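Both complexes shown next keep chain A, but they swap its partner, so chain B is in the first and chain C is in the second.
What follows is the complex of A and B.
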């Protein structure tokens, strides 16, 4: 007989991780939705953000969450620089060329991390979120609860940005029809680089949250990159709501899979979910093209 | 000085040359019709004015100033807008959001509420459907929105590419009536590309006939309507 408290515990773990996964994937979904380009280096921006968080938090002996004041604006600028230097020249090019360019960036970042930090994981010296919250038989690490809550808040803010602001309307119009957007006086180029900047800045935010309960290692990009592509394929074109729904589904499935079947098969559950979704709904859960 | 002037324009798409020395003048407050068979280069002419083609030589003047080096969105800021062929609405945005998307330039932003009122007075149907997704509109409503969205940028010159395409005959008449009213009541200058040669010359002040990337005939709309060559080619079928 399965204990209901245990099931609730697994479900809560899954929901909290799902919220964080949605935040990680949001940037990729924005970039893909607007520019029609898959950034394979997205997960490695998370990895880069994790190391930067580690370095700043260690140097100043501050909480990893405080570092976002520095890392998020820095990553916004980094995103713009990466867009201008390597993405812009391949927009509209053959998919294979686009893949080669962003996979190249992935390789560069991953090997850079390996060369500097070697394969040894690095954790932050301390975080205020280390204590768990206990409610009856259920225990929630404060770091995971905070990560989930912040993720949800940021998803909501980005949703408001996209639906309630002029910038958001320009972004969505460009995603729908870039030529018509230009004809309406929208500066498509600015939409592109601000979207890429925001998408990259979100990875720095997610990385700080991840560092409150996990450690930085050169292969962090593998997991978070895969997660993000799966979420975008499942629901990325359904806007923030699609990303949130897909992230939650993945988080919950992963949590149950790891708790009830095998904790070591994390990526397996992601892949299987992905394949099942693509099999049942080839255009994704919120597919529109 | 003409509001818009094309001087010996040679343009196309990369290596594919379409326009071979096109000269067109559009005066302030005029409707100028650009007619001709399919593939003559009418759409390319409009796209060239908006900066969406390769311009090999020649010049485009807006109120006497060359705009040939400006990107599309800068041209819109200067008062040019185009209603593209096939409407090209933002289908996943609501009617209201489509209209806001048409008014994102600095100048248009300040006049947003005025412009909305103007468009809703012109097309009351759009006001009823303001919260509906543009992709769910009927053909006639979609064309109203395409024109309304273009008007939101407060253009001094409006380029219309086949606004009556795919509409029922009754709606075709309504669209031509709207175009005429925009000139007579709002003073909008327009360059109109149309398949309906007779209808467009009837509301236009002047007309140009285009064939194989060149202007072959030009003149007062009234005199073109009675031109024997043109009548034989387009009007009497």
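What follows is the complex of A and C.
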């Protein structure tokens, strides 16, 4: 018989990690939803953000979470720059060309990190979120609780942005029908670069949260990139809610699988879930089209 | 309007360039800071003018009165092939191995006067880069064999590459002294391989021995343990070595966990270990997961009696300490070499290495120190045992097997963590063992079996609340 307190512990671990996964995937979901472009380099932006967080935090001796004041605006601009320089020329091009471009960006970022930092992990050796919260038999690392809370808050804010603001309406209109939106006077170009900027800025935020308990390494992109893709595909085009639901499902399944069955089969659980969901609902949990 | 658009595009491009430049520049600046003045690698171009180990037979005697005797070979030089990953992902290790090998050859030739039993024959290193894969390893070995056919090769640090190299050396009957650790390498029935370094399972065994020994010394009773490892073949061998040793000591293994080293989150793992509540944890990490696990253990407030690392990756290396900070304080790990071992020759070799290359030798260099010295001892032995044909591969093999080295009779053993070297028929060192390093006040220190002067292992962990 498994201790109910332990099951609760596993569930909490899974929920908190799932929230963070949702945040990581949110940027990708936005970009994909609006521009119909597959940004394979998404995970590597998280990796780049993690290194930047590490550099800034250790240079100024500040907490990794404080670095977002610098990294998030910087990544917003970086996102716009990447959009203008790399993505815009291939919008509407053959999917193969789009894939080549973003995969090229991925390879560039990953090898840049390998060349500069080598394969050794880098981490910020301190954070204010280093203590556990203990409630009876259950322990929640503060870093994970903070990451979960911030992720949830940001998901909600982005949801509000999309549903309550003129910009959000423009974004959704563009996602639905680009030409009709343009004919209605929406500046599609602006929608595109702000979305790409926001999507990239979110990776910097996620990276800062990740750095409170984890490390930066050149292959971090592989880890989070693939996961983001699964979440976006599973969520369908269900917007923020779809991303949140898929993130939570994966986080919880990962936690239970690793804790109760085998830690070695982590990816097996994730991808079996993915396959089962797509088998039952080929358009994802919240697919509309 | 067109002008405005052009301006805004121009501004965007300028911003893009500035940001990219700032990011790349910042990173490059940082990289320049961390890659402190690297010692310029000594690149030696080996000209292909020499033939195989030169055996100059005595010229026929002009006098007809002398009785005909079998000509005794005169060996002036023995070629040693060094196959290491000098480029690619593992270049850090290969480059250090090469530095160490060059230093040892200089010591053997200049300070020790070459191989005495071979009339003072000098060693000559021929180096080849084995790259990143078993295939490139094979090619490198083939190249060395076809160009020089050295009687002995040393390499190739990474186990799977070494397996590729060994395929060639076995076929060509070249002795291969391996500096790679996966157990399998000596389990394939290969005849011409030797390994002085402690194999993977010996690392796990040493971690367990260390914990058991310390518990006995400190009068605490270890009853239960959890063993966990990243699920590579190396990690598994190390962990199995620990499991066997713990079971032998009557310690209950509550669980043996395996996980992929690239996990994004260690809470499920640490929650599980915490739930099992073992006295000690033996953990075999790679580098990335080590940082993650240590941080998660600290952040979850898990306080067992002791957490011992094994397998020489993570926890106690300078990068992991930098990345994990206080979270890895009191963690230990096992290493194939002990730079602090207080023997005459170990001190000397470490200081010479430091003087020549401006840094302390790590495991990659340390394994080469004693492996090269064992090569020297074996050549001496071969010269004594088979004066007529010392470099015959089967004679060399017998010479290796005849070695029984300790601190008193050899330099090689003085450089080895346990101070004893004797080969089993499969090529492994019967007395294989590791040194244990512990993070004490943020510094990796050698604490076991020979601690640095004035130092004692910290055991149990000071934050352990007791039973």
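Keep this in mind: the second predicted complex is superposed on the first by the 288 of 289 C-alpha atoms of A that agree within 3 Å, B and C clash if a C-alpha of one lies under 4 Å from a C-alpha of the other, contacts with A are read in each partner's own complex, and residues count from 1 in each chain.
Throughout what follows, a contact is a pair of C-beta atoms (placed from the backbone, for glycine too) under 8 Å apart; a residue touches a chain by one contact, two chains touch by 3 or more.
Everything quoted here is computed from the prediction, not taken from an experiment.
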Clash or fit, chain B versus chain C on superposed chain A: fit
Take the Cα centre of chain A as the vertex and report the angle out to the centres of chain B and chain C, nearest 10 degrees. 150
Under the stated touch criterion, which partner chain does A:185 make contact with: chain B (first), chain C (second), both, or neither? first
Between chain B and chain C, more residues of chain A are touched by C
Answer with first, second, both or neither: which of chain B and chain C does A:17 touch in the superposed model? second
Would you sort A:120 into first (chain B), second (chain C), both or neither based on which partner it touches? second
Considering only the touch criterion stated at the top, classify A:177 as touching first (chain B), second (chain C), both, or neither. first
Please work out whether A:267 is in contact with chain B alone, chain C alone, both, or neither, and reply first, second, both or neither. second
Quick check on the superposed pair: does A:159 touch chain B, chain C, both, or neither? Answer first, second, both or neither. neither
Once both structures are overlaid on their shared chain, how near does any Cα of chain B get to a Cα of chain C? Whole angstrom is fine. 7
Considering only the defined contacts, which chain B positions touch chain A in the complex? 50, 52, 71-73, 76-77, 81-82, 84, 88-93, 97-98, 100-102, 104-105, 108-109, 149-150, 152-153
Listed in rising order, chain C residues that touch chain A in their complex are 9, 12-13, 15-16, 19-20, 23-24, 26-28, 30-31, 89, 92, 228, 231, 257-260, 262-265, 267-269, 271-272, 274-275, 287-288, 290-292, 295-296, 298-301, 319-320, 322-327
Sites on chain A touched by chain C in the complex: 3, 6, 9-10, 13-14, 16-17, 48, 51-52, 55, 59, 74, 77-78, 80-82, 84-85, 112, 114, 116-126, 129-132, 134, 139, 141-144, 210, 213-215, 217, 219, 222-224, 227, 254-255, 258-259, 262-264, 266-267
List the residues on chain A that touch chain B in their complex, please. 166, 169-170, 172-173, 175-177, 179-189, 288
